[in-house]
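Two complexes follow with chain A in common, the first pairing it with chain B and the second with chain C.
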Partner chain A sequence: MSRRLAASSATILFALPLVAAAMAKRPHYGGTLRVEIGAAVASLEPSTTPANPEETAARTEIDSLIYESRDADGTFSGAQGSGPFRISDWQPAKELTLAANEKFSGGRPYVDAIEIAMNRAAKDRLLDLELNKTDFAKIAPQDARHAAERGVRVSTSQPDELIALIFSAGSADKTTDAVREAVSAAIDRSAIANFILQKTGEPAGGLLPQWISGTEFLFAPLATPADGTAKAKELLGQNSSVPKLVLGYDSADPLAQAIAERIAVNAKEAGISITTQALPQGAAARSASLMQTDAVIARIGISSAQPGIALSNVLATAATITEVDASPLPSNANAQDVLDRERAVMKTHRIVPLDWVPQVYGLSARVRDWKPPAPGETWPFADVWLDPVPQASQ
Partner chain B sequence: MPQAWNDALGALADKIAGTVSPSHPVALAVKNISSLDPGDVEAVRAGLEAKLAQHHFRVTRSATAETQLDVTLSESSSSYLWVAEIRAKENEGDEPEIAVVSVAKSSGAAGASTGATLAIQKTLVWQQSTKFLDFHETAPADGSGETLAVLEPSRIAIYSQTAGKWDLDHEAPIAQKAPWPRDVRGNFGDASGAAVLAMISGVTCTGSAAKGAQLACAGTPLTGDAAKASLIPGRETGEAALLKSKCGDAQVALASGNADWTQHDTIRGYLLRKKSATASGAALDLDGPVLSLTADGDGEARAIVLNLKTGNYEGYRVAATCGE
Partner chain C sequence: MTFRSKLFVNFILALLASVALITVAVTLISRKAFDQLNRDHTKALIQQFQLEFDRRKEEVQHRVKGIAEEQETTAMAVDLSRPNSDVSVYVNDAHGVSQSHQLDFLDFVGNDGSIISSQESPARFGYKLDWVTQQQDWASRGAFLLKIDTQDGPQLGLIAVSTVRVGDRNLYVVGGERLDQKFLSSLVLPDGTRALLYLNLEPEFQSANLLNQSGPAQDADRLASLVQREQKNPKPQSERIVWSVYPVNAEEFYAIPLPENSKDMLALFLVGSSQNAAIALERKIRWLAVAVSAVGLLFGLLLSWWAAKRVTKPVQELVKGTQDVADGNWSARVPVHGKDEIGQLAKTFNGMTQQLVEQRDRLVQVERVAAWRELARRLAHELKNPLFPLQTTVENLQTAHDHSPAEFDEVFRESTGILITEIQNLKTIVTRFSDFAKMPQPELSPVNLNEIVRNVVKLFEAQFSAVGRPPITPELHLEENLPLIQADATLLHRAIENLVLNAMDAMPAGGVLMLRTMHTEDNVRLEVSDTGSGLTPEESERIFTPYYTSKQHGTGLGLAIVQAVVADHGGSISVESETGVGTSFHIDLPIHPPQIKVTPAPPILVEQPVHKA
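Presenting the complex of A and B:
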């Protein structure tokens, strides 16, 4: 084909020995990956509907391992077992064992099997990581620092979950633009990041993180809590009567509760009365619950690293709670289109970004080539391998 | 300055011109919060000033100018974003108008490192989002135009160059019965005329890369667990390639680091004398793991790198130059 190509005929003779020159770096085949999850997955049949968001998320992860392809709408297609793994043992809501699919078109996974223990509480998962009884488990962001201090190997994604205060559609009569902006200004986002999230998170200004949009710096919160309180008072000075607000949170989410209570304290300093109210699990976005509250703490996962898609999905989620322009951005939306929509929504102060949090995973020392999935991706267990001689640290 | 940057600056100047009148001086301030180096920042500033001049703006650094133009050079994971906040004095107190343009990050710039003896330089030849194993550039003697052959697990893609841009010309499928291993690797071997030899995970694949042709493979693929000998004494991990060049009395070799495939990597030069290997010169930093390193022409190797920032697989020519 070419001079350069011909010249390489000799090099191939010693290029081949390179295949295994890297004994420690190149993947090792074999072993069983032990995984613990909090969800109790009751069924893997596509026709069944998961009971809660946690089970939905777990089903997505499992489906990604046993189905070969994923459709544009996020659902998996093909035959069960066509993916990198097939089901070898299944005890609903308790344990799932997957075996490597030797004929997987993308290449056989490195591990022989995955054992997934379900319905494991967060504290039990953490303990098992510490005791090396599991290789992989998700950790709540607020527990990440504590876990690392206790010797757990922690892997953290880019910040890809937005914690936001969203004013409900029913609150329109009570909350004027000025009241909503005052609440936003009064919130000390750095305190939430530093104390509640134990520094595993960062203050949010916009609806997309800086690493996705590149423009979040334009929405930076006020520099100091004192500035925020002063700004809130200034805004409310124009209001003759400040309404008393009710802020709801998911009763099963201790992080949302802690944040809601912190916001109530911040608001009080600015002269705004906020009472917090626990809502039934998973009900924070249901209209029946929203009738009782003026705002809720919502956790919105970023579904794509593409700014236009990510913003459309954030707004679609928010639109289940509040009135917001959630029309999808066109597929060819450019940076200006995305920014213009984000600014327009931010000006309403109906969605108040609070903090960004990452996904946090605990890993055993023998897990290699684990990479936290990007938004829209699933756990890449087919690429993970187990080091027969684990490194002390990586 | 890359053409894409020039185009983006033109678009940004157009947007600014659509917002404020050029009849008054504009105070331009440029702030960099991206990973661009100072040289690039200055180039962007100069480029923007030139584009604004084409719109008859008079750019000044005076704070008394009628219009303040604060340009922030920002970035996302995939693009540079240049954001102009435009404030007219007559609308003081109002929110600024904001114009933004984005330009895809390019890894096309050559990176270089120099050392006491060996200087290593990389040149990006090809990148794509899907896995590829090797590449070869071709410059026919008849001057009929350069082509680039890209070896993927299931095909050889042949690209031809038009106006500095590679376009897919055709592809030759690679027929293989069993799936390749997950850590599939391979490289081009000999070729004469249209005949091609590729080695993929220990399997020999032969055939033609001509239009309508295909390659057939025979054998059982090897996995990375297959035992091998080390090329560089004392370095049993990572990728390595013995080059055909010498530096003084020493054989030149290149080797990657030994982290796993989730981490950044380096390529470092080594001088081999008898049974010893000495690291020489500064290491070349890369944005992801080196998946393969294959000796090429004199003093050169081909490296395949998975860029962890962009997710792209990248093919580099890596040259090692012997200095004093």
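Presenting the complex of A and C:
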């Protein structure tokens, strides 16, 4: 008896860690997911229009949590609160508390609630992640490396945002194809990716990333900066006079500013005078404000993993800034059609791809089953659960 | 101008000259003192600037060295010394490190000169700063000025370089401070001075690059010429700027090119020394001098007047005394003040007048005696002539009465006739003397002198050609339109009559009597000339003296009367005579005689001027 008992005790003692580990991998219900976002959402009413793209994106993420389903056109259907969460507390532009919807058709989410703190600056979000004051926050790509070095759990998506220099429609009489190509050739994209983006990104050659189109390598930039500078000088040699260009960037986007300044330095080496100019927040995407600048640094998100749709959306966004063929590709367009359109646009050098950057998220150690959303998808908070005793990083 | 006025003016001129001299001297001395003060201020400010500049250099060097010696920097250097090290990790480090060390510029530069991280130009990572690798020993170099290209354009920095060596590879830490108005604000400026800094970052003068303690200086273009001179030839120079039309707004600028003793001027330190205070004080001194001078002049004026009066009073008294003496007041005396030259002069004057009075009295006494003697002689002579016939006649009457009674009646008749005649002569003599003593006062009325002359000549026409005497030919040369004169016609008639009688007596052998009238500016002139025997000079001098005569008969009163009449009419008479040729009397009578004074009869006992009266 005692030997059996001793044997059982030993078995239990041996099995306990295995049981604990098994229990830890099982989703856990409960807990409040603390989320911080940079946008200040002023209203959740469908009839109100967001003030800027950042608020638009935040509204989309929130709507995806409180509405039941999303249609193909991107709009949400159903009543507010019919989604996995319902609004529990709402302080416009400050804080939103969502409670788990017990009657959600897709099943109750794991977390009991989500507290979304709004209008949090990037450095504050990063600091809160470091101090474990929040469970989830978006991180700027250039801060990802630094955050990881400081112990923040970082989640990175596929490169799904194109940073590009787009010549404005108003610069047509000032910039020739050769000048635009020279500017494109002079830019050291690798340096931008390695230094400014801190390797959280990669040089862009085409309008679609390699992992979507499979053809981006065909638009690869020149191998070395020296080659690019030489090519730019060669191109400018054909022009009797090189105009002085003004490059605008979103004043609220430090990444765009850093890239713009680097481009100005690269261009200067090639003999092109570019001065940078800060534009009002969000104005970089509006063509009206571009009348004062010859080009702008734009960040265009890829909205779909389908090449045709993605390219059409990229061109539609770019068309608000420059003159480009933005007609939607037919639904049955094949890879060659997409490549042909992309090649035709690239030939004009009105859109100069610079780098691809992913979406970077900071997570606390207790967040489980987080997967970065694919292009066109929203944050999957309904599938996330919180580890009550976080053991290790996911 | 009186002597007092001259003396007063001389005193004032001397005073003015002294005040002006003192004012100019004070102004020049004060200006020189202010110039020296300004130079001292400028020198002190330059020294202060150089001390501050050196201090900043040491501070910058110390900070950069501190960064290089930090553990993080050493770790960076160690990391970068490894093969295939990731440089991009450090691309943003310069910003944070520069802020923590309060540096405006900071670059981490790799062994090959490539920028690893840059504070002032973050986008220039990867590009090379070749000059960093060319210097072997940065530790001994110290801080220096450097033109730095930034995203905001070129700037001027006080730069130091420190090296972190790991193995055979160097990591260069290039850091510094911006040289701008903040640097100027650390200087303590004396009153009236200011410091400017020109950043010589462009080939041409840029007004925006001229800074004062608060930013770009105003009216910077006015200093363009000085800056441009320094750009061509960097050396300490100065220039005076007048900021407005008023000289008080002048400012002296002293320029020191930086770095010193270098052909490549990167900055220009300017010390402006306002001339405002100096000029204001100079003006104040000048106005004070003017005010003091004015007060001094006023006092000087009064003192000069008092001194001039004090000095000239004895002289004026002397002048007055002299004038009194000249006017006949020989008893005039001058007060004697002190024993100086003027006092001695007054004393001498008084003595002289005293002697004159005494001599005059003696002379009068002598003249009086002589006159009485002359009168006695003349009376004796005049009375002797009638008395002798009277005596003879009376004796004849006695003889006839005693010895010839029959003829007595006839003798008696003849004798009584003679007696009556001679007594009449005596009465005539007495009447002449009486008339002379009773010269009447002229009664003036418009008189035609020509008419009087003609009447007198007509009166004597019979005597001119009287039988038994050589004829006298009268010649009248009377100016037509002779103006009427205010005169007593009777007295003038009598005077001219005397002159004609005198001429007739002078021409016993006949001759020509010429009477001429003429008109001068304010007078009429009458000339009465004869061709007689003429007068000796002695006679000419004494001819108007009463009772003096050169003739055997006559009272000697005729010409004295003429002189008295002429004098009573405010005129003058003179005589020209040449022995053997003739005599000519000239009478000048004023057309409008001054108010007639009662002229006493010529002092018969006093000698009068004879040749002209």
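Operating definition for what follows: the second predicted complex is superposed on the first by the 371 of 394 C-alpha atoms of A that agree within 3 Å, B and C clash if a C-alpha of one lies under 4 Å from a C-alpha of the other, contacts with A are read in each partner's own complex, and residues count from 1 in each chain.
Criterion: a contact is a pair of C-beta atoms (placed from the backbone, for glycine too) under 8 Å apart; a residue touches a chain by one contact, two chains touch by 3 or more.
Model, not experiment: these values are computed from the prediction.
Of the two partner chains placed by superposition, only chain B is touched by A:Ile212; chain C is not.
Of the two partner chains placed by superposition, only chain B is touched by A:Gln336; chain C is not.
Using the contact criterion defined above for the overlaid structures, shared-chain residue A:Trp370 touches chain B, although it does not reach chain C. Of the two partner chains placed by superposition, A:Val154 touches none, neither chain B nor chain C.
In the superposed pair of complexes, A:Asn194 makes contact with chain C only, with no contact to chain B. Within the superposed three-chain model, A:Gly107 lies in touch with chain B and out of touch with chain C [touch as defined at top]. In the overlay built on the shared chain, the residue A:Leu44 is in contact with neither chain B nor chain C.
Partner contacting the larger number of chain A residues, of chain B and chain C: B.
Residues 87-89, 91, 121-127, 151 of chain C are the ones touching chain A in the complex. Interface residues of chain A, counted against chain C in their complex, comprise 145, 188, 191, 194-196, 198-199, 225, 258, 261-262, 264-265, 269, 276.
For chain A in complex with chain B, the touching residues are 1-9, 11-12, 14-29, 103-110, 158, 210-215, 217-218, 305, 307, 334-336, 339, 343, 368-371, 374, 382-383, 394.
Touching chain A in their complex are the following residues of chain B: 15, 33, 72, 74-81, 83, 85, 98-102, 136-140, 147, 149, 179-185, 187-194, 196-197, 199, 201-202, 209, 222-231, 236-242, 244, 258-263, 292-297, 308, 311.
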